[in-house]
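You will see chain A twice below: alongside chain B first, and alongside chain C after that.
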Partner chain A sequence: MRTFIKKFSEKFIEGLLMLSSSVTSLTVVLIVFFLFKEGLGVFDKTAVEEGFVIAINKNNSVTELSSEEIKNIYDQKIISWSEVRGKKDSIFLFRLEDISNFYTDEQIGENFELLPLRLSSIVDSFPNIIAFFPEKYLDKNFKGKELHADKVSLSEFFMGEEWFPTAHPSAQLGVKPLILGTLWVSLGAILLALPLGLAAAIYMSEIAKENVRRFMKPLIELLAGIPSVVYGFFGLVIIVPLIQKTFGVAVGETGLAGSIILGIMALPTIITISEDAMRNTPRAMKEASLALGASKWQTIYRVVIPYSISGISAGAILGIGRAIGETMAVLMVTGNAAVIPHSILEPMRTIPATIAAELGEAPYGGLHYKALFALGCILFIITLFINLTVEFVSNRKKFNKH
Partner chain B sequence: MYKLESKNANVFYGASQALTDINLAIHSHTVTALIGPSGCGKSTYLRLFNRMNDLIDGIKITGQVLIDGQDIYAKGVNVDALRKKTGMVFQKPNPFPKTIFENVAYGLRVNGITDAKFIEERVETSIKQVVLWDEVKDKLKKSAFELSGGQQQRLCIARALAIQPSIILMDEPTSALDPISTAKVEELIHELKAKYTIVVVTHNMQQAGRISDSTAFFYLGELVEYNTTKEIFTNPKNQRTQNYITGRFG
Partner chain C sequence: MKTKIILFALSLYTSAYFAQKLKGSDTVLPLAQKEAESYMKSNKNAKVTVTGGGSGVGLAALVDGTTEIGMSSRKMKMTEKIKLSDAGKACKETIIAYDALAVVVNPSNKVAQLTKDQIEGIFTGKLKNWKDVGGDDLQIVVYSRESSSGTYEFFKEHVMNNKNYASSVLSMPATGSIIQSISQTKGAIGYVGLAYVEKDVKAIKVSFDKGKTFVGPSLATALDKTYPIIRPLYYYYLTTFEKAVKPFVDYCLSAEGQKIVEQVGYVPLGK
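Coming up: the complex of A and B.
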């Protein structure tokens, strides 16, 4: 009986452990599935707002317009049909509110019941017109030509140079500025953090006396525990004005400010991981080097660093990973201008900051909402790639060292 | 003049004394075995000769340690240069995470030698000295970790020989090796005697008997007996020595 109870309880505990691990894995899979389901939905949507139509005169030879062209027409950057594969004729922009220039309120009807008819005849009478109005006002016998907006294309999404998801009548979903902003800020962060972190790791593992190390290590680990909004606040109050003064730029909220803050945030990861790796260098190996007449510094850079290089790279890559995914601090200090950056001293906007800032105002299930999820997918793929690299780098260690 | 000598050498780790008044003199071109139970101070003593003990925090050394009649603990002694005169071989094979060639070239490179041809020649001579050349000549550019334990240990000896020391200090060089590799290393020690002064710390009494000319027995931080190996093993003067070598403790 006792053995039965024992066996049963062991089975029970085993089952419990299995359950919790499978629940965890399942949750992760579900999150990823949800992310990609929503994100890929963006390519099923049109850039023109749902429930609206864009119409032109039936004699106009133009058959399709890209979302960028539509935006440029409404921004009056494109003013002639010849610029969009049409006849040489200036473009006449028509918005719904312009209707009062053509018809009186009586002619439209009290409840707009005559509006579809009127819109139809306006489009019919101007050969160079382009009109943008709600689909419900589209007349059954519409005499113009409806332009069918294409679905958001991959190339438009990845190669488009403008991120303006709320633009009317056609949203601009170029993620290039965001990806570049993310990469610039992260690259700057790692350029700052890597030399500093490596130097600190070398000092702590090889040079510092034991009691100094015992004091410094927890202090550095404490850096990892500071909430990111505090870093952001610190950046906003200290670093942003400093950059503004030092470089004489108009706004201090730049990519550089983000890089500095992210660099500081990546430091604990880089330091602790590479320090651990260096401390794992066998004592005998260091002694062998010293016994051959090598100085302490020669031993460090010829033996300790090569031995721990995989640990050091893992630390650096994880540091980058932290920098790329960080949201709050970056949102607060980078200025968030979604334009393709040309210098680190310009405001930039990163992917996580975009999602955090815009998701609240994106209508559920809409184009903007889906586009933000697609951004999340891109971020996920980048960090997945980084984690795989870490895995690869630390596996390489096993091959080299028995 | 003795090659190696210590006069009233004392070593303290903090409050505890690891070695007490060691007086020992070693002739050049001999093999001296340091034996004794674990913790008797024989490794600490060995490490006095290349000042490896300096790396330990809170160590204090008194008395004199001489190489070629020079006090190596005197003020102004260049420790890196001193260590170049003494090659050291460790308990476990500890090649660097580098190629076989670079392992042997290491000592030359850190001592500022850049002449590629010279380095190449010296590496080849050193590897030949440890009778490893035929086994590794085709894979000099491969990682040293690909060698077997015995080959690695001989590579480590070659690495020590490459800087042309006059003294070789060995800290239980065969304790991590199989019997065949052990035999090879012992044979090597025998051959190297012609050119170098060798001091070997060993746990293995038979090994001490096979390879050494003189033997020093350490016990609890003191030098109990020092004599030719033959005398120590056949006719020990001290009761504790006799008990140890006959296996009654240790």
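Coming up: the complex of A and C.
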């Protein structure tokens, strides 16, 4: 009987453990599924706002416009039809609000019942018009030419250089500046944090006396506990003006400010993991090296570092991982201008900052919303790649051992 | 203040009163919170909860039916209207107050006034140096709110003639960081709500009549409508809930409610 209870309770605990691990994995799979389902939806949408049409006169020879051309037309950067494969006539812009310049309220009707007819005749009477209005006011016998809006294409999404997700009438969804911004800021962070972190790890594991180490280690780990908003505020008030003065640039909110803050934030990860790896170097190996007459420094860079290299790289990669995904601190200090960066001393916009700043007001299920999820997918793929690299690097260590 | 809200939220679960929920724009949030507090003081039976999240969040919640009133600092978009009618619902729009936007620069900047065309040129990236508008030889650094904010949208429609911002514009997550950045960057320009104007930044006089008259932002000029950059703040509610929310909406529009508008730093509706 007792053995039965024992067996039963063991099975029960086993089952419980299995259940919790499967629930966790299921949650992860569900989240990833949801992310990609929403994110890939962006390629099913058109860049022109849903429920709107863009129409031109029926005699206009232009048959299609890219979303970038539509934006430049409405920004009055393109002012002639000849710039978009048409005749040499200047473009006449028409928005729904402009209707009051042509017709009185009575002519439109109290409940806009005559509006479709009026829109149709306006588009018909101006040969150089481009009109943008809601689809529900499209007349049944519309006399103009409706421009067909294409779905967002892969190349437009990844190679486009402008990020204007809320632009009217045609949104611009080029994620290239965002991806580049993320990579620049993260790379800068790791270039700053790696040498510093490595030096600190070597000092703490090999050189520092035990009581110094016992004091320094918790202090460094404390760095990981500071909320990222505090880092962001510190960056905005201290580091941004400092960069402005030191480099004599007009704006202090630059990629460099983000890199410095992220570097500081990645330090505890790098130091803790690589210090642990170095301390795992077998005493016998170090003593053998010292016995052969090597100095302390020679032992460190010939024995300790090569032995713990996989731990050090894992720490560095996890540090980058933290830097890439960090949101709040970066949002506050990098200036968030979505331009292709040419140097680290320019404002940049990162993917996490974009998602955090824009998701709150993006209409649910719309183009902008889906585009932000697609950005989330890109970020997920980047971090997945980093985690796989960590896996690969730490596996290599096992091969070395055997 | 925070504990008050938490306590209040807890008490909601235990009480059986009909509770009204407001959700949406962070610009309207402080105003709605104050209105709700004083409304509940005078009506002991009423419960009103206010949460932020952004205009888009509030209007989406209205469609889902998770809020009774959606607060918004911009007009409802066509896509949102279509969503609402797809769900078989209709809503009403009420303007509860106005918010004046001030164009601000660093206090060391000697430029004191700009025309609408100049502001448009600066924000679309055509004008890049302060000497083009009568200032020192200094690069113009433009700060804006995030593209999702109702303020961003309003400024674009109302001041920039619907043209898009230059992509080199720096976008900041909150009004507070715009003030902070402008106060420490010499060539900076940006826009903030009237309630946020303080001594660390200088508000600029603007002209919307091609430079004939320049008007600075203040409560007085906003009230008599001589200051041109003002925007309405909205409550949206479903027609099916009209009876339930009407007393609160009416309270916000009453003289007492409009007094609170002024206290919070927004512009009352006026007569």
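Convention: the second predicted complex is superposed on the first by the 402 of 402 C-alpha atoms of A that agree within 3 Å, B and C clash if a C-alpha of one lies under 4 Å from a C-alpha of the other, contacts with A are read in each partner's own complex, and residues count from 1 in each chain.
Here is the rule we use: a contact is a pair of C-beta atoms (placed from the backbone, for glycine too) under 8 Å apart; a residue touches a chain by one contact, two chains touch by 3 or more.
If you're wondering where the values come from, they're calculated on a predicted model, not measured in any experiment.
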Exercise for review: With the two complexes superposed on chain A, say which partner A:E206 touches: chain B (first), chain C (second), both, or neither.
Suggested key: neither
Exercise for the section: Examine A:R95 and indicate which partner it touches, taking first as chain B and second as chain C; both and neither are also allowed. Expected result: second
Chosen between chain B and chain C, the partner touching more chain A residues is C
(Q) Touch test for A:L290: chain B only (first), chain C only (second), both, or neither? (A) first
Query: After lining up the shared chain so the two structures overlap, which partner does A:A338 touch, if you call chain B first and chain C second: first, second, both or neither?
result: second
Worksheet item: Does chain B (first) or chain C (second) touch A:P282, or do both, or does neither?
Response: first
Would you check which partner chain A:E156 touches, where first means chain B only, second means chain C only, and both and neither mean what they say? neither
- Item | chain B versus chain C as contact partner of A:V303, first or second or both or neither | first
Within the complex, chain C is touched by chain A residues 49-52, 71, 74-76, 95, 134, 162-168, 177, 236-237, 240-241, 244, 250-253, 331-332, 335-339, 347, 349, 356-366, 368
The answer for chain B against chain A in the complex is residues 50, 52, 55, 57, 80-81, 83-84, 86-88, 90-92, 94, 96-98, 106-107, 109-111, 143, 145, 156, 159-160, 163
Listed in rising order, chain A residues that touch chain B in their complex are 209-210, 282, 284-285, 287-295, 298, 302-303, 306-307, 400-402
In their shared complex, chain A is touched by residues of chain C numbered 53-57, 59-60, 63, 77-80, 82-83, 124, 138-139, 141, 146-150, 152-153, 162-165, 167-173, 177, 180-181, 184-187
